[in-house]
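Listed next: structures, encoded as structure tokens.
What follows is a pair of complexes built around subunit A, which joins subunit B in one and subunit C in the other.
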Partner chain A sequence: MDVLAVLSVAVRGALGPEAAIYALAAIGLNIHFGYTGLLNFGQVGFMLVGAYGTAISVLSFDAPLWVGVLVGMACAVVLALILGIPTLRLRGDYLAIATIAAAEVLRYLYRSSFAEPVTGGVFGLVQFAGEFYAVNPYTAPLELGPLRFSERALWLMTVAWGITFLAAGLVWLLVHSPWGRVLRAVREDEDAARSLGKNVFAYKMQALVLGGVLGALAGSLLAINSQAITPDAFIPIITFYLWTIMILGGASRVLGPILGSIVFWFLLTFLDAFLRGAMSAGWIPGGLLAPSDIGAVRFAAVGLGLMLLMVFRPAGLIGNQKELRLDVR
Partner chain B sequence: MTARLWAAIAAVLLGMLLLVAPAGAATPTVSPPTSAGASEEAAETVQGTLRDPDREPLEGITITVTQDGQEIGSAVTDAEGSWAVPLPGPGTYTVTLDVSGLPEGVAPQAEGGEVLDGVTVRPGAAQGVIFQLGTGEVEEGGAAIPVARVLQLVVDGIKFGAIIAITAVGLSLVFGTTKLINFAHGEFVTIGAVTAYFLSTAPGNLPIVLAAVLAMAVGGAVAGGVEVGLWRPLRRRGAGLIQMFIVAIGLSLLLRHLILIVFGSRRQQYDEFSLQASWTLGPVRITPRDLVITVLAFAIMIGVAVMLQRTRIGTAMRAVNDNKDLAEASGIDVQRVILVVWLLGGALAAIGGVFFGLTQAIYSEMGFELLLLMFAGVILGGLGSAYGAMLGSLIIGLVSQLSTLWFPASLAYMWALLVMIIVLLVRPQGILGRRERVG
Partner chain C sequence: MSDDRHEDLLAQRESVREQEQEREDTPSVGARRAAAALAGVANVPGVAKPDAILVADDMSRHFGGVRAVEVEHLEIQRGTITALIGPNGAGKSTFFNLITGFDRPNSGRWSFDGRDISGAPSFRIARHGMVRTFQLTKALTRLTSLENLMLGATGQRGERLLASLLRPAWAAQEAGIRHRAEELLARFNLSHMRDEFAGTMSGGQRKLLEMARALMVQPDMILLDEPMAGVNPALTQSLLGHIETLRDEGMTIVLVEHDMDVIMSISDWVVCFAQGKVIAEGRPDDIRRDTAVIDAYLGSQRSLQEDQT
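And then the complex of A and B:
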């Protein structure tokens, strides 16, 4: 097994567009959970409406791609309002169940046969982001030793990481503003914030909308990245990935989700490449693990990692344990 | 467009009919998968006999088999109406009947019944498929809903709801006693179903009843082990509820994918009772298996209720549920009660999994799919109330089945989840839950 090849695959995973996209969605989640204390387990739902908002605008309404991205974000605002009005007044764990259910409801809806003329049903939609690749300024692939990024990947990485860092900057500005301080007050003690005359519900709603819009933007980028979307790509496991990323990096830290995403994707692609290499080298007996099981091992590893993190280091890599009092209500 | 919509309805309705093979109907809906016999190579086919409503065979009708939109093959019915399409291997296929070849006055009984989705073919099986043909005049526009169909769906809904209910009781009791939303509860369901599957198939070949009892023991043991090995130490360390909630999600991911590795991604059926002729009780058809499962599920629910009301441990559970500190102060061993709740919840989830596997199929995602419905049932009934969980789950089962009267069956689960969100909006404490100040 070529260790260098495995490592370079892992580095590609850590720097690739997917890592940036997940970081962006996790930044949205960080606004929800890290700063406001909202247990949003339906972030993938925001990504879904973002992705489909983009694709449907382009394919069904011949809108330019950038309009599509805006439409996707607008859909996220609507979703956040619909979701927030019933659930933000409830205790945190109700919100968790309601959001995961809402994301599943959306997935069922988008893949249903009556939505098929618009959403493509289970087959999804393809080829809607040609415009994006048409303006690709890169003309040659980048090669750094064993690392190789195609010009397509480079263009996506530039845009995705650019947006991600812009979003992180925006979050930094927001949380250091009076608005951000109220958010954290809401997270720490809702009643105290309310007793100071703050409209807790409104602040929570604003946080839900803002984080949801970032999630939708990530969903649009995901759609542009693959040029093909199906509803079944937006399963609850994506949300659990985002939670793992956010907690790994450190919730309620501006750079937490970005660091978390890089480390997460490094480990995940490393594990993947390592297992494949070990299997082809014959280190793992075929009876124990088949190549088709690698995906399952990956998910199991994420689950185990999430458990261990939460048990032993809920603050993640750069989080502040004191700031993040993990408790319900 | 509406054709597609109705196709989905009909496909799933027919799917149900496939399970509940109507003995008295014009044609047997499913012929049991026959083994390929001595031949080493498995030769999978789908086959059937096409007959018009008067049981006369239909000749020269084209039937096409596709998988993931790719055509696999097609066949034309012969003079006896028989047809067969050889398949490249086991898997799930879509079988489509070319309606243009049908004679005048003959059409799929349900609108869109010419497409059968999700026909599962097991290795070496010759899977029988039947298109239900009628005069093409029934169920026009869905304006008049036949009473028989409503009754049938009510029966199916009660059966489904009862299965959700016995799994959800454990979820609700665990929440009541520990305030933990156990995201990994669905995995106990899958563990039960999978354990019974492995015990009841080769090499064990245990009878399914015995396998189910052993699966309950395994489910209880896993849940108890998780309590002792994970949750109790976490509670001792004073872990927050959100922290434990996220740990539960991690545990759910871990268990589900370990099961996936062991069990594989294919849907399986138990060897016994997988195909039965149904009994016709008035307008309603039910297989003896489903009837027994429904009755057993209700018996289990009554048993749990009696235990909660009459026994010492049941009283202790309710006490801990109401007020943990007060219960502890009055001499109840809270940790022991919580352990018993986990054992009970795990065992109930496991038997629920076996029931679900018997009525539908066993697959690694089954628990997670059921989990969201359990949540819906538990929230509808009132978080923490065992009786609420039962009532709510029954309603969720009914809603998901009855929604197929008007909406595609692929959206049945969606309506159940929507009901939950609506309940959160108007009555967050649920039907039987106690009102508490929230938010």
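And then the complex of A and C:
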């Protein structure tokens, strides 16, 4: 087994566009949960409306791609309002139920046969991001020893990581302002914030919209990345990967989701490449593990890693451990 | 324990007792002012006050068949310490919740400072200058003490989403708020906790923090829901001192409290609730002798004892 090759695959996974996209969606989730305490279990729904908003605008309405991305973000605003208006006045768990259900309802809606003329039904939509690749400034692939990024990947990585770090910068500015202070107060105790004259509902709504828009932007990038989207790419488990990423890195830390995503994707791709290499080298007997099981085993391993993290570093990799030791409520 | 420390404690206790004595012997400016303002007021439930800051009419709140609050008329005099007393379940806290917008009444109108605030949301009532604290202290545990206080300031430009991104737009105001918060922390002897998470504070410190935070709103009236519950005697004295100082500065204070010694020593006016209704109100000395209050709340043993002293 070529250790260097395995590592380079893992590094490519950790720095690739998917890692950036998941980090961006997790930053949105961090605004929801980490700073405001909103239990959003449907972040993938925001990604879905972002991705389809982009693709449909381009394919059905011949809009430029950047307009499509804006439409995707506008869809997220609408979704956040629809979810938030009835549930944000209620206790936190109602938002959790509503979001997880809404994300699934949206997936079924977009894959239904009556929506097929617009959404492409179960087959989805393809080839809508040509504009993006047409303006690729990179003309040659980047090669660093065994590590190789194609010009296409380089362009995507530049844009995706650029947007992700811009979003992190935005979050930094927001949470280090009086606005962010109110947000954290809402997370700690809504009634206390109310008793001090803060319009808690408005702040929760702003947080829900903002985090949802970042999720939609991630969805648009995901669509552009693969040039093909199907509703079944937006299954609930994506939301739970995002939660894993956020908790892994450290919730309510600006760079937590970014670090979490890099580590998450490194582990996933590393385990995948490692297990495959080990199997072809004959280190693992065929009776114990079939090649088709690798996908499941690597997630089991990530789950185990997360459990160990929760035991030994419950606030995440860069979370404030002191903060977590406080009795909350 | 060394002897030195023991003597320190004794001296401390002595000073507390002296303060207590002093309070009863020489009424403060605010107490005299309040007594003068309330001089001509009869001690009957629902009586009109010369300068009422809060007026509530026909307030009712039912939980199923339970009539938790049924207040026909109640006025709170400006610049006084008014205590709400009554047995558990009498409706004191529910009445608090109603007038501060944390609960909605089945019926009723109430106004604050001449402005009708019936049915207004809680955050708006707070902005009008009527701020409350909670029976179960609500310290914002994962914010520092300083942040807890700074949150209380109203009209912060940086609390708007877009403006928050432009630091120059709010930096000067923020510095002013920080300065005010630090002053309040010092006043409540919490300066050493400035950058500690509120979650690391003791119960008594949290009570102080909550009161200081409410003052950051710069209210005209502050409602304290059992501020002395679970607080040691020395700290009770210090809390009482703070409350009296606030009244002397012209603030109106309403408190729910069960400790009768506390009530009799600091309040200018006492309102007694029982089964949701106001059954009596008056000066502390009138209330002590009021037969309705004795029956419903104090019990005959207690009031006799007080009479003999």
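FYI, the second predicted complex is superposed on the first by the 307 of 329 C-alpha atoms of A that agree within 3 Å, B and C clash if a C-alpha of one lies under 4 Å from a C-alpha of the other, contacts with A are read in each partner's own complex, and residues count from 1 in each chain.
One rule holds in what follows: a residue touches a chain if its C-beta (ideal position, glycine included) is under 8 Å from a C-beta of that chain, and two chains touch if they have at least 3 such contacts.
Note that the structure is predicted; figures quoted are calculated from it, not measured.
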Exercise. So, A:182: does it touch subunit B (first), subunit C (second), both, or neither?
Worked result: second
For this session: Quick one: classify A:300 as touching subunit B (first), subunit C (second), both or neither.
Result: first
For this session: Once the structures are superposed on A, label A:162 by its partner contacts, choosing first (subunit B), second (subunit C), both or neither.
Result: neither
For this session: May I ask you to decide whether A:173 touches subunit B, subunit C, both, or neither, giving the answer as first, second, both or neither?
Result: second
Problem set entry | Which partner reaches more residues of subunit A (counting touched residues only), subunit B or subunit C | B
For this session: Go through the superposed model and pick first if A:87 touches only subunit B, second if only subunit C, both, or neither.
Result: first
Exercise. Between subunit B (first) and subunit C (second), which does A:39 come into contact with in this model arrangement: first, second, both, or neither?
Worked result: first
Exercise. Is A:194 touching the first partner subunit B, the second partner subunit C, both, or neither of them?
Worked result: second
Exercise. Intersection of subunit A residues contacting subunit B with those contacting subunit C?
Worked result: 326-328
Exercise. Mind pulling up the subunit A residues that touch subunit C in the complex?
Worked result: 170, 173-174, 177-182, 184-185, 187-189, 191-200, 206, 210, 322-323, 326-329
For this session: In the complex, go through subunit B and note every residue touching subunit A.
Result: 1, 4-5, 7-8, 69, 179, 181, 234, 239-243, 245-247, 249-258, 260-261, 265, 368, 372, 375-376, 379, 383, 408, 410-411, 413-414, 417-418, 420-421, 424-425, 428, 438-439
For this session: State the interface residues of subunit A toward subunit B in the complex, per the touch definition above.
Result: 39, 41, 85-94, 96-98, 100-102, 104-105, 108-109, 111-114, 116-117, 123, 190, 201, 236-237, 240, 243-244, 247, 289, 292-293, 296-300, 302-311, 314, 325-328
For this session: Under the touch definition given earlier, write down the residues of subunit C that touch subunit A in their complex.
Result: 100, 102, 121-124, 126-127, 131-134, 138-143, 147, 150-152, 154, 156-161, 163-165, 167, 170, 174, 197, 199-200, 213-214, 216-217
